[in-house]
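Attaching a single structure in structure tokens format; questions to follow.
Letters A, B and C mark the chains in the order given here, with residues in each chain numbered from 1 onward.
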Amino acid sequence: MTSAIEFRGVSRVYGDVRAVDDVSFAIEPGEFFAMLGPSGSGKTTSLRLVAGFDVPTSGQVLLDGADVSGVPPYERNVNTVFQDYALFPHMTVLENVAYGPRVRGTSRSERARRAREMLDLVQLGALGGRRPAQLSGGQRQRVALARALINHPKVLLLDEPLGALDLKLREEMQIELKSLQKKLGITFVYVTHDQGEALSMADRVAVFNKGRIEQVAAPRELYARPATAFVARFVGSANVADAALARALGLPQPFAIRAENVAVLGEAGPSPAGSHCAPGAVLAVQFHGAASRWQVKLDAGEVWSAMVTEEDSRALDGLAVGARVRLCWPRAAAVPLNEAGAF
Amino acid sequence: MRAASTFFYRRPYWYVALLLVPPLLWFGTVYLGSLFALLAQSFYRIDDFTAQIVREPTLDTYRQLVTQPANVDIVLRTVSMAICVTIACAIIALPIAIYMARYASGRMKAFFYVGVMLPMWTSYLVKIYAWRLLLAKEGIIAWCFGKLGLTGLLETLLEAPGIGGPSLSSSYLGMFIVFVYMWLPFMILPMAAALERVPGSLLQASADLGARPSQTFRNVMLPLAVPGIAAGSVFTFSLTMGDYIIPSVVGAPGYFIGMMVYVQQGTAGNIPLAAAFSVVPIVLIFVYLGIARRFGAFDAL
Amino acid sequence: MPFKERYRPNKASWLVRAGAFAGLAFMHIPVFIIILYAFTTDDRTYRFPPPGLTLRWFEVAFGRADIWQSMSLSLLVAACATVIALILGTLAAFALARAKFPAKDSLTVLFVLPIALPGIITGIALLAAMKTLRVDPSVLTIILGHATFCTVIVYNNVIARLRRLPANWVEASMDLGADGLQTFRYVLLPQVATAFLAGGMLAFALSFDEIIVTIFTAGKERTLPIWFFNELFRPRDRPVTNVVAVIVIAVTLIPIVLAYYLTRPDDEHETAR
């Protein structure tokens, strides 16, 4: 089966900045694919290379198996939902949605019919006559979605589409986008810097850092088995032991350990079976409801955190900031990392 | 059309180049070409006996410009007028700019912007003509002074050495007033634009930290208006330096750079000297631009 | 004392207010005076207040062939210069609005130089070029000069609007299947049209009123400003001059006011971003 999108050694260089640096990956048809990374990591540039707003400095971008270098955006069967929606202010909502068919020469009545259909799909059927300025942020977001979907693209690109919405609306839209994607069976490429969003919606996630891809994996695997220190920290903020720290702890290889797998124990006492322990001093305790996050400064240097349930916290009663403790974690829960934790 | 569009998608520089060809041809030949011709003329000289232009490169004309005291006087007179006008414009513009940018809102703001734009775009010559009427011996200003019983004060002012004259319309004082009037909008608009960009929270923060309104004005508002003042001063300075209509319609008999250029090319027929004289404001304006840049004039434009 | 310096965050101090309104009045009085004088019955002096009011001078002015001639020449020059300026200024603005290339900054300076330097420089430079090339002054040379600085006005207006447009509108349009021409027609043109018109109107008004450059390039031709300028030194028909002044104000201000309304920031455009 040909991939919907494939990057082969793609780089995009602006002056002396390597925005995308020798990136290769493939996205399968019908997949919900997320590009996750901090700002400036190359994820948006990669999206723009797929849309055709930018051209790679070297390497190839393939859509449906065909190299699209030199193919302008209007000849790619790909549509985009922009971060700020980019709705045309001088057109009504209906005219905005009908814009795609209009520039493709569809008749007036036919494109109005299809635009109304799309507005119904995003539950904005009644607002076709309004101007974008008269809509709320959430409504504009839906208009942008309808406008991008009306051409029946093979791939829908979404550039931080929920970034401007408030938390509650964002969660609603996540569910809606996911079900829409299932219903339409279109490939979604979703750019975000919010790891929660990427993990909850995507079939697979590519983690970008400094123009390169650190890891491409399904959300569960990404969370359970981060390949690099960067992924371990960025996705679910794990504790990372780089080569130096691992050596100080008497372990052979760099590794990551999630805060919820770390237990806080008093200074003295035997280590639990199959566990490693490291001594340190309590820096802060943050209450998070069902659990508390204990920040502990290890004697070996790093600050690690441990998520402690309310029940276990009670057992630690009396330990205040500055108290001496041990952090212990089951050996099996530690995830070995590929590289020496250069980050 | 689609093919052409795709052609340019693949070669974005070609698209820019194609658009640029006509305006560049025009500006390159008509404008830059003329400037070079001007520069070239300033290196020619006029033969004293035949009154013909001698087309050989020479520095004689420039020598004449800088060695004759009368010419140096003209340059100094023009520069001092330009500086005085700039300062006066800045002072008068400040309250207007502050009010329209920071306090007026809605209709009042629109009223002020239109109120500044309209006189700016009203016919240049008509405005000068109006001032001739206002400043004339039996004109409105003299009439007002008379009605207020201040005719004596006006006469004392006109007797003052340097700025006075037989009437306001034939004194440097009158010329100064006209210059200030003419270029005032060019100072107000950049100043207001600079002040518009100041976040309101800055003024609130200053008040919150205990500054009285006058202290906020001096320590926050005024420094933030500086780029606007610098930008506006580029206009007032440059416009005063180059003008020759105002000094020839209103004012005392002393020459200004612009008048000298006009007279030398016209009645005197000495294009090389006119050209050399016109190089003076160009140089001075570039020097001034260099100074204004340090005060952030270009950020406020 | 505590009552005197009461804190009023949204109120200007009386000093600022007085200065602002006095300054505004200062800018308008001369214009009103000119309009008033066009109706005075006094034809010898600039006496104030006018002894009486009359419409007679309008009739006299409209009967003068020389005024009509200068007026039609000025309108012709302004129309030609505006058309050239609209083409050149718009092309330059579209070329420089978004593109990035090495010489861009120098070009940006070049395209505003004719109004950044005093008009007399443009005037004397054109004259020097005409002398060098032995070209005689004519209507054509006037238009040549006017079109140069009018281009700057159009360029400034159009590029200011283009820079305010979010870059991704063009991308969104192409993304949805529109090629360059369609994007221009459906997205850019509706947004730029008013700035284009406003630039044209300002250019027209500027050209109609221009004297500083014109004197150098006109030779024996007499545009309306040149006619007016000559009258200032030979004040034989003072009342007629006053009437022409009012006519000039009217001809220039109408396009200016229209231009203002065309470029006023539109609430809809501002909030839609």
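Operating definition for what follows: a residue touches a chain if its C-beta (ideal position, glycine included) is under 8 Å from a C-beta of that chain, and two chains touch if they have at least 3 such contacts.
A quick note: this is a predicted structure, and the numbers were derived from the prediction, not measured.
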item: A-B or B-C - the one linked by more C-beta pairs in contact; value: B-C
item: Centroid comparison with subunit C (C-alpha atoms), farthest chain; value: A
item: Approximate Å spacing (C-alpha centroids) for the pair subunit A, subunit C; value: 53
item: Between subunit B and subunit C, centroid-to-centroid distance (C-alpha), Å; value: 16
item: Subunit A-subunit B separation of Cα centroids, rounded to whole Å; value: 56
item: Multi-partner residues of subunit C (at least 2 other chains); value: 179
item: Where subunit B touches two or more other chains, by residue; value: 2, 5-6, 9
item: Multi-chain contact residues (two or more partners), subunit A; value: 72, 74
item: In the complex, subunit B residues that touch subunit A; value: 2, 5-6, 9-10
item: Residues of subunit A that touch subunit C when the two form their complex; value: 51-53, 72-74, 78-80, 82, 84, 86-90, 99-100, 102-104, 131-133, 147-148, 151
item: Complex contacts: residues of subunit A adjacent to subunit B; value: 70, 72, 74-75
item: Residue numbers on subunit C that touch subunit B, as the complex places them; value: 5, 7, 9-13, 15-20, 23-24, 26-31, 33-34, 37, 45-49, 84, 87-89, 91-92, 94-96, 99, 101, 107, 110-111, 113-114, 116-122, 124-129, 131-133, 144, 147-148, 151, 155, 179-181, 202, 205, 209, 211-212, 215-216, 225, 228-229, 232, 241, 245, 248-249, 252-253, 256-257, 260
item: Residues on subunit B engaged by subunit C in the complex (per definition of touch); value: 1-2, 4-6, 8-9, 12-13, 16, 19-20, 22-24, 26-27, 30-35, 37-38, 40-41, 53, 92-96, 98-100, 102-103, 112, 114-119, 121-134, 136, 138-140, 143, 181, 184-185, 188, 203-204, 207, 212-213, 234, 238-239, 241-245, 249, 258, 261-262, 265, 271, 274-275, 278, 281-282, 285
